[in-house]
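Letters A, B, C and D name the chains as they come in the text, with residue numbers starting at 1 for each one.
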Amino acid sequence: DGETIAVFTKNQTNPFFQTVRVGADNMAKTLNAKTLQYIPTKPDSIPEQLSQIEDVVVKKPSAIVFTPVDYKAMVPGVEKINDAKIPVVNITDRSAGGKFLSFVGADDYSLGLETARFLLKTLGGKGNIVIIEGVKGSLTNVDRVRGFNDALKENPGAKLLASQPGNYQRLQALQVMENLMQSNAQIDGVLAANDAMAVGAIEALDGANRKAQVIGINGTKEAIDAIKSGKLLASGDYNGFFQGCLGTMMAVRSLRNQPIINEIVLKPTVITKDNYQPFDQPLEQRTCPTFEEASKLGAK
Amino acid sequence: MNAPGNAAATPLLELRDISKTFPGVKALDDVSFALYAGEVHMLLGENGAGKSSLMKVLCGAYSADAGEFFFEGKKVTIASTADAQKLGIAVIFQEFSLVPYLDIAQNIFLGREPKGRIPGTIDRRRILADARRLLDTIGFDIDPSVIVNTLGVAQQQMVEIAKAISQNARILVMDEPTAALSDRETELLFALIARLKADGVSIVYISHRMAEVFSLGDRITVLRDGRRIDGVRPADVTPDQLVRMMVGRTVDMTYPRNFADKPGEVLLTVKGLTAASGISDINIEVRRGEIVGLCGLVGSGRSEVARAIFGADPVASGEIVFDGKPISGEPDVAARRGIALIPESRKSEGLALLRSVGDNLVVSALRKLFPSGLFDPRSGQRTADGLIRQLRIATPSARQTVGLLSGGNQQKVVIGKWLAAGAKLFIFDEPTRGIDVGAKSEIFALIDRLVAEGAAALMISSEQVEICHVCDRAYVMREGRVAGHLTRNELTEENIVRLGMHHA
Amino acid sequence: MREAAVVSQPNPLQRIPGVAIVLGALIVLFGAIAPGFLTPANLSNVLVQSTILSMLALPMTLIIMTEGLDLSMGAVLTLTSLCVAIVSLATQSMLLGLGAGVLVGAAFGTVNGWLVAILGIPPFVATLGTLGMAQGLSLIVSDGQSVVGIPHGVRDIYSATLLGIPVPIVIALVTYAAFHGLLYHTRFGSYVFALGGNREALRYAGLSPNKLLIAVYAIGGTMAGIAGLLMTARMNSGHPTAGLGLEFDAIAAVAVGGTSFERGNGWLLGTLLGVIAVGVLRNGLNLISLPSSVQVASVGVLVIVALFLDGLRSRA
Amino acid sequence: MTDIAKESLSPPRSFLSQDAIQLFYRLLAVLLICAVLAVLNDSFLSLGNILNVLRQASLTFFIASGLTLVVLTAGLDLSVGANVALSACVAGTVIHTTGSPALGILTGLACGGIVGLLNGIMVTALRIPSFIATYGMLWVLNGLTYWYMAGETLHGFPAGFRQIGSGYLFGLPIPVYLLLVFLGIGTLFAQRTIWGQEIYAIGANPVAARLSGIPVTRRLLLVYAVSGTMAGLASIIFLSRLNSAEADIGESLTLPAIAAVLIGGTSLFGGIGTVFGTFIGALILTLVLNGMNLLAVSANWQPLVTGIIVILAVWLDMKTRRRGQ
């Protein structure tokens, strides 16, 4: 009891990581452990997260729950943790190297694939589609966009008009959408690699008095609200809350010499008008899954 | 025009038919100039006559549009400062050429540092020793490892001189070297000039001070409007004649004034003024219709009094009453109440050099001219044009960049902005520094007119003659305090010096 | 006797307080409240973490002394880091990688110098422009992806030790010594003072301010190249955003260290202390695990407080 | 007529005329870019796209216009982006809790203005160089915003409020009206008020300005406060246009705003520049991004192209000015 778990997330601006942190805190509380949050002051800064690892290694927490800001560039950092013999669980983005007790994440590819399939099904398998990508080169984005594209391939009736980056940023997505609407008279569907961009695209459509079906990914609160009000067609649930819960759970369990699951890839859930209710409650009121539930969640 | 000593000598350096045009200004127009070995050659002329420009051409800093150079009779080209240095020409410029955060030794030998053992390094011991020796020869007692930034203007001037001397120059150009020097340092400089002359060094000396022209000069060349007017020997001319050559008309150098018999009501009372800037217990009174002098040695704290009254420096204690009411605060308060400061350094403190004459002329009067707060460029332009006419500022138009005007005209612009603002008390800090005789008399006439119309003036000047000529009375300062007061009848140079000297 | 006694001799130590007070206070504070702060391992940590920034901040000091600025350094470092990664990956040679990084860095530095000195574009603008170019090139050559799989030797640069001292610290110390020698003991150093203090003086001394200025910026770019190697070694990969924004940290460190933006008034050791102060602050806050938002604000507070203290003393 | 001859030799340097020449060159540049884009892409010249460009330029312009005044005094405000983020979050909260957009707008403007004022105090009373002071402020504001938002977003605002950012009036987007209004106010303020004149004078030589009786400290406070308030205004536009606020919205706004000021011909050394120039600077930046979107150029090229444009614009500006003198 009383273990300290250092939780590393990428930034304090993206609501997704807030859900991860709340999940971790929540689980730690139920297990009678303590969390310490480490977040780079500059969002997604590689050197800063490396420094934080070095500092934390000095501090020697009982275990670490780790989201790399970049899955390749942080490998030396992970190896430092390994060298210091601190047990570490990888969550969210799968690190390209290093030894982990366990990985807990969502399958970005199937998230992209399933949400896009849902949108295309709603459109009847045809229509003019645009993709708004996230940050180029980020693992989440690469896989999500691959999923989008594969779904498009399954529907030859659909036409991809453009695939432009919005860097996961609302304003950029809004402006990209505004500009795309100028050169494309008819846009039927928008595949956005996250909710903020999806909502930005919706604002652009609203501003131009145009309609299109839009999907996002992450299942954030604003996405749920938008789904409720019918503006957003769907959002893929990335389930940061569970990732935080389960990462912490595995870390603590391994410290207590209890069995753990080495890999949990959460199954994609497409949140739509029909199934949003469970997601529509404040984070603080959600409860973490138990170990038994976890084993059913998608362990491979 | 003959060479000094023997008539057969060829000039050491000769410039023939030099012309140089700047956009809008013909700075030099077919000027010829000859310099002989071992002479002190005075270069005279009004502000903007082209003296500095000629010297910059001579030392390769400016390239002439036309003209030829001869060194010891042989034709040479001076296309860069390096060319000039090879010929042994060294210059002390009007604007300092020192690097503030290097020490004295490094400044003296900048670009000619003794090489250390490791390539690229400086031999620290040698540079200090060399500098030490050099400073000793010019009688400047200071540690050469002192950073230049901490030196006063006069000390910096001495470093400039040391720097020039260090180049073993055969020709030394000094552009107004005494403008910032105290009497003691001026004497040192004159002694040094005598020594250099004896060693056969030729000196070109630019000055607006008549006394120096006659005490130092072997020959005189006068420029006007970029043309060479004449070359004479001091023995053959009177000051009045020289002035006429420079200005093209006669100028009364006694600056006649209509002294008021009865001074007006009290405008400014300073009681027990003390400030951290180094002045204490200053008591001064200025009445309408008066010009009150404030004299003393350089560093005696005159500027600090002026700045404290104007609110430019914080006041520690004491009281300033202006026009019947106490005054305190920043310069904007003083300005609004009707006090004007014409600061010591017009370039850095008086003008926005890159802005136009018109912009500079109206800047202090904005509130008065446009009480609504709305600015009307056309009306501003008219006000500026009026002032340009009234003050006879020589400028192509109100739109000319003020930094391109000559010093005297720049000074008029600084005064002009306070005329527009309707100031009642004018504080002049060295109003005639670096200004030619013609402009000087115009400025004094202007001050006279201002006080005759009911304003008052407090005038700081290092030229005691000027104080004696134009002031109704004067305070003399010493070491941050008022050492004495001189009435119109007592106002003589001897009295000023006696009161202002240390240990008097 | 000598007038030097009258004139206040400018003691470079006079400038210490601003940074030194802050640094001293931080060390005392964290020593008292942060567990593990004063351990050798942690102190070595702080210093190692400060090396990359110091390698930007030292040349930045020279650039600021010329009344200039180099906003492109962080982006150039990013680009050179990618170059190191790409070239050493392709050739399997660390030296060729370093060579490529230094070459690209020096090229950017030279372009900066050329824009500033020859075209006369204000440094802020010129280097804001090259910042964009370097950032764009980084994205283009990497297509936004990390570059991995580089030879193992590269990584050792960051993690190996020499006589028990971590190699990055050795590199930083050598760099500092080199810059100290360059600035205070060579002719070039004197000319750097003159570039900011009085460019005319250089011209009259027959020297070319333009060439010197280009040299100063080129040194900045070259150092960004070398720091790029360290960055690559640290991440064992290249990444197109790795160094973005570091230039502002470097500028802040220089300012905190007491170098003024005017008239060639610079202090190299102050810069180093400034860099370490930033490092100590971040490290200490990590150790006591304050909320991350406090950490974000604390850097800003540090900068403001240090400059405020400096201002107090210069007025006194 | 010798006077006229002289004048043509040393051309006008003030009362706007030199600036007018520079603005003319810039408008030419805008037309050139437009012509190129029109040739390359059919949809560029559509009314919809032009309004689109204007609306996008307006956000940059609001931030950059206040910044222009700061730069005119030879200062810089690096905190504008962070200020937009904080103000948006604060204003958003007020609207959510009170339900009153008017109150929210006022709070947003006040929050921006207070931050600006604090910048001004650091620059004047504490005498910290503006570049450093506002860089410090940037981090303080980020910290505050991160703490306040705790990783959440605010979204969903009343429809009336959202009209400000996304609504239309007589076929024109409302931000475009605001843009015109503030362009007019800014230009009048800088060129036709004595405060504006004093700001130019301070930028040209702060020491001389103070000794000319200009209350330099108060004017600087005003300028930084205005810059902050304009950031507050931008935050309102942002909020109503995106219908949401999050902590990181400011990061991408600062450098474009500075770039717009510089492309617009305002000199970092102070005393030279116009608000209208900044508008054109914002327009050029937006046009280029818009063009790249329309032509589907990879976003990887955006920083590169922006960098080249900044250098080119300032260099051309200097060229033409030098020829003028």
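One rule holds for everything that comes next: contacts are C-beta pairs under 8 Å (C-beta built on N, C-alpha and C of every residue); 3 or more make two chains touch, one makes a residue touch a chain.
Bear in mind the structure is a predicted one, so any value in this text is a computation, not a measurement.
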Chains touching subunit A and subunit C alike, please list them. D
So using the touch definition from the top, which pair is joined by more C-beta contacts, B-C or C-D? C-D
Determine the centre-to-centre distance between subunit A and subunit B, using the mean Cα coordinates as centres, and give it in whole Å. 72
Taking each chain's centre as the mean of its CA atoms, subunit B sits from subunit C at a distance in Å of 43
Can you check how far apart subunit C and subunit D are, centre to centre, with Cα atoms defining each centre and the answer in Å? 30
Could you give the separation in Å between the centres of subunit A and subunit D, each centre being the mean of its C-alpha atoms? 35
I need the residues of subunit B touching at least two other chains; which ones are they? none
Contacts with 2+ other chains: residues of subunit C: 139, 143-144, 291-293, 295-296, 299
Multi-chain contacts in subunit A: which residues touch at least two other chains? 12, 41, 136
Interchain contacts (touch definition) - all pairs: A-C, A-D, B-C, B-D, C-D
Contact residues on subunit C for subunit A in the complex? 35-36, 39, 41-42, 45, 48-49, 52, 139, 142-146, 148, 155, 158-159, 231, 234-237, 239-243, 245-246, 282-283, 286-287, 289, 291-293, 295-296, 299
Subunit D-facing residues of subunit C, complex: 115, 119-122, 124-126, 128-133, 135-137, 139-140, 143-144, 248, 251-252, 255, 261, 291-304, 307-308, 311, 315
Complex interface listing, subunit B residues touching subunit D: 23-24, 310, 312, 330-332, 334-336, 341, 343, 348-356, 358-359, 362-364, 366-367, 370, 373-377, 380-381, 396-401, 404, 417, 421
Within the complex, subunit D is touched by subunit A residues 11-15, 17-18, 21, 41, 43, 136, 162, 164-165, 167, 169-172, 174-176, 178-183, 196, 199-200, 203, 206-208, 220-222, 225
For the subunit C and subunit B complex, residues of the former touching the latter: 1-4, 7-10, 181, 185-188, 190-191, 193-194, 197-198, 200-207, 263-266
